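Okay, so chain A shows up in both of these, paired with chain B first and chain C after.
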Partner chain A sequence: MSDWVEACAAGDIDEEDVMRFDHSGLTYAIYRSPDDEYFATDGLCTHEKVHLAEGLVMDDIIECPKHNGRFNYKTGDARGAPVCVNLKTYPVKVDAGKVLIQIG
Partner chain B sequence: MTAITSSAASPRDYSLTGRDARLAVENGLAAAEWYHTEIPRKQMKELMQRSDQPAIRDTIIWLAAFVVSAAGGIWFWGSWWCVPFLFVYGTLYGSSTDSRWHECGHGTAFRTQWMNDVVYQLACFMIMRNPVTWRWSHTRHHTDTIIVGRDPEIAVMRPPDLLRVVLNFFGILDAWHAMTDMLRNAAGNISAAEKSFIPEQEQPKAIRVARVWLAIYIATIALALYLHSWLPLMLVGLPRLYGAWHHVMTGLLQHGGLAENVVDHRLNSRTVYMNPISRFIYWNMNYHVEHHMFPMVPYHALPKLHETIRHDLPAPTPSILAGYREMIPAFLRQLRNEDYFLKRALPPTAKPYREELHNDNPVSAAAE
Partner chain C sequence: MTGMLIIGAGECGGRAALALRDLGYDGRVTLVGDEPHLPYERPPLSKEAMSGEAPSIKAIATDAVLAERAIRHIHSVLAVAIDRAAHTVQLSGGSSLSYDKLLLATGSVPRKLPMPGLGSRCVYLRTFNDALAIRAHLGSERRVAIIGGGFIGLELAASARKLGATVTVIEAQQRILMRGVPAEIAGIIHKAHEAEGVAIRTGQGIAAIADDGKEVAIALADGQKIVADLAVIGIGAVPVTTLAAEAGLAIDNGIAVDEHLRTADPDIFAAGDCCSFPLAIYGGRRVRLEAWRNAQEQGALAARNMLGGNEAHAAVPWFWSDQYGLTLQIAGLSDEGKNVVRRDLDDGAFILFHLAGDGRLVAASGIGPGNAVARDIRLAEMLIAKRASPAPEALGSQAVKLKSLLAA
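Up next, the complex of A and B:
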């Protein structure tokens, strides 16, 4: 059973930026791409459990603030050392100005 | 600045697979949460912004300086006039590559990743650091900065081996170790220490690079023998020796004489004001506390970051000379007492050190 959970208002995230969202003891990262689409991944880097929401979004890349590991936040793909394990991604939709992510 | 004798256990075991490596994990010093100055997200985003332009400009100047100095060295080879040209060439080859390797390894110098990769590979070859091994060792250095048994890049271990330090101004031991590591890797051998920080799937890449480099050095030696001239080796390989002085001079200042086993870069790293030429060679890594606290900030934005957070940092060391004036006596003192280190004083505007996290409860302390 998977649930759609309200993460934030669409306007809470700047374009080409990321925001942390904690829910049920887990942490997620919500992204707004330069072309105004929303995405969600696990919130911690797969390398050393650093919060990605403190990192830098460039185009479709999120860069971890600790070791500059890069992921494609749209697909979760790890884009080279020091990250080797892909990020888990989650479906996202925007409904009535709210960003919802499907967890489960 | 306060001089501290800590109650840390000694002698230290800097091995990545030894006693202190295990203790660091048990004590929570490995992969710990480090102090960082609070910066509003909007401001941080501005500081982190990537741009190709500054690094392209600097790289054009850098490559042009290589070409002109190499041309002068070749043209005047056999006369004393080649010396100043080779001095410049050697410093570019054996020192400026340290910062290029470093910044491009972080992926922050250029916005365009392939540009970072090209300069990274070139600089790694010149500075004789396997690009795979050192990418991972540097990752560990940022995770566990100056944590004994965890950080593979502690330049001066305690008690300091000052002969080693002096020899490395001429690249002698570093180059020797680099060559033996290259031969070992080229033979397909990854050491236990390397295995401790390079993931298994990355290890074959380190071997491949070592084999390519070995082929380049063999070709250079063959050319030197064919020409009956040292010149090819003066341009490839030997500059790592005769041009190492600047990167050792600046590199020692990064952490030399400061605290070990703390989780606050203000205690174990040093920001030093430097002249513009050294800053060009060093790509602003003189702002070293800032770099460690926020490795996402590109080199060209470090002066701005410094101004943003300096209220929360120890006063910067005013010059390279001032850095050595505090560091050399600390090294000499550590010969007698390896627990001794320099504790940097914070300004009143800074958040205090979390003393309970830091193994620096003084047995004896004296103001300097």
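Up next, the complex of A and C:
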């Protein structure tokens, strides 16, 4: 039950940016950090279920586009009002130019 | 030690109480509110609460959280007087509470329509209970008149249409959203409402209102008559300042505070809708903001300064509105701008950058489907905070990433 799923090509995401990835009826956010590492979290903000991939990535923070709730996308930690529930994170690896995330 | 006392248990007061605990304060924290509910978020009242399933409170903190954080919440009670010398606040029940530091987060209330003829079918929207009462009147075969083409009225109009009501919006000014929204963007919102079947009457004063408790007849200045089952009045808000004024604190379009949110009394702070404060990014211009994020940020800032901090309010004003599938976001005060640069985004979304005469970016107004403008408005907000003067050609070109201008 811990399948690695191909989310996108490594080059699909700019550095310090985020992309939405939908799989099996669920939505995820895939991040590329300023130091060129990849991360994945649940795709929806824990405040009002807004797609985080439309938000802004600054360093290791993703900010929700709707009400500016902030999370550390590397750890999932909620960083203050209005969000108080952490984001779930998923293991990520890059293999042959593909970004894979481990779901399940 | 008698602790920290917060009057007003809305977004601002609720966030301040939580922030005091986040900052490690371990004395008493008491939150006093005049509503019977937990501290809750108001933005959904004109949006989701009016159009989704049965409305529910979106609490800022549940009873369990308040208990765990040792925040005492006294609800359904008014603060009636402050004794500054004794450091006490008298409550409507007759009891009084003492404080080391006092935060006034009393918010604002709807501006009353100063006309005769208003009755039980003429209502205002501010609280969750107001929202429940309005919602009970919405539905198909219901006629709703909205007096005032501002954000509350227009969001309510959109929600009422979703529930099938017939909606007329009456605005005294020549266009909707005169305050703080550029005409180009207001025009898009106007068209969206008309496309959804809302009748908008701009430039229309109201000659008379007759409300018999069953329906409301509104006679417009041009002789037209609008009959509705319910009239919702949304003509702005006024700050709640009586408590502060009677305690001898200065009032200047709200409870006057300095950039640290302090009144002239070093033990009394004010924050959120109820206060006016100098905004350094606009040369110390005194403003009062009626916005969710400002309430949140100022509540947290007041908490830091109540605990001995000396931090100035530096946030750029920001607000949003949702109507149908459109979201508008504005960062900064657009009336500070002289020139406008437009940046077109995908799906018909666009942003207007407002530049001062010297080229400095002072505001950005965006509109588009969903969250299409969110990221760029957030970046614009950071550029405004930095007092940046980006090249107009760069702002206007979608090919130039705004993030790259931030680094410059």
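The rule is short, and it goes like this: the second predicted complex is superposed on the first by the 104 of 104 C-alpha atoms of A that agree within 3 Å, B and C clash if a C-alpha of one lies under 4 Å from a C-alpha of the other, contacts with A are read in each partner's own complex, and residues count from 1 in each chain.
As a working rule, a residue touches a chain if its C-beta (ideal position, glycine included) is under 8 Å from a C-beta of that chain, and two chains touch if they have at least 3 such contacts.
All values derive from a computational prediction rather than experimental measurement.
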| item | value |
| --- | --- |
| Three-chain arrangement built on chain A, chain B and chain C clash or fit | clash |
| Which superposed partner A:R70 touches (first chain B, second chain C, both, neither) | first |
| First, second, both or neither for A:L56, with chain B first and chain C second | both |
| First, second, both or neither for A:P82, with chain B first and chain C second | both |
| Intersection of the chain A residues that touch chain B with those that touch chain C | 54-56, 63, 65-68, 81-82 |
| Chain C to chain A touching residues, read off their complex | 15, 18, 22, 41, 60, 292-293, 296, 300, 318, 320, 370-372, 374-375, 378-379, 403 |
| Partner chain B, residues of chain A touching it in the complex | 17, 47-49, 54-56, 58, 63, 65-68, 70, 81-82, 84 |
| Chain C-facing residues of chain A, complex | 16, 50-51, 54-56, 63, 65-68, 80-82 |
| In the complex, chain B residues that touch chain A | 31, 44-45, 48-50, 106-108, 111, 113, 132, 135-136, 139, 142-143, 199, 201-202, 294-296 |
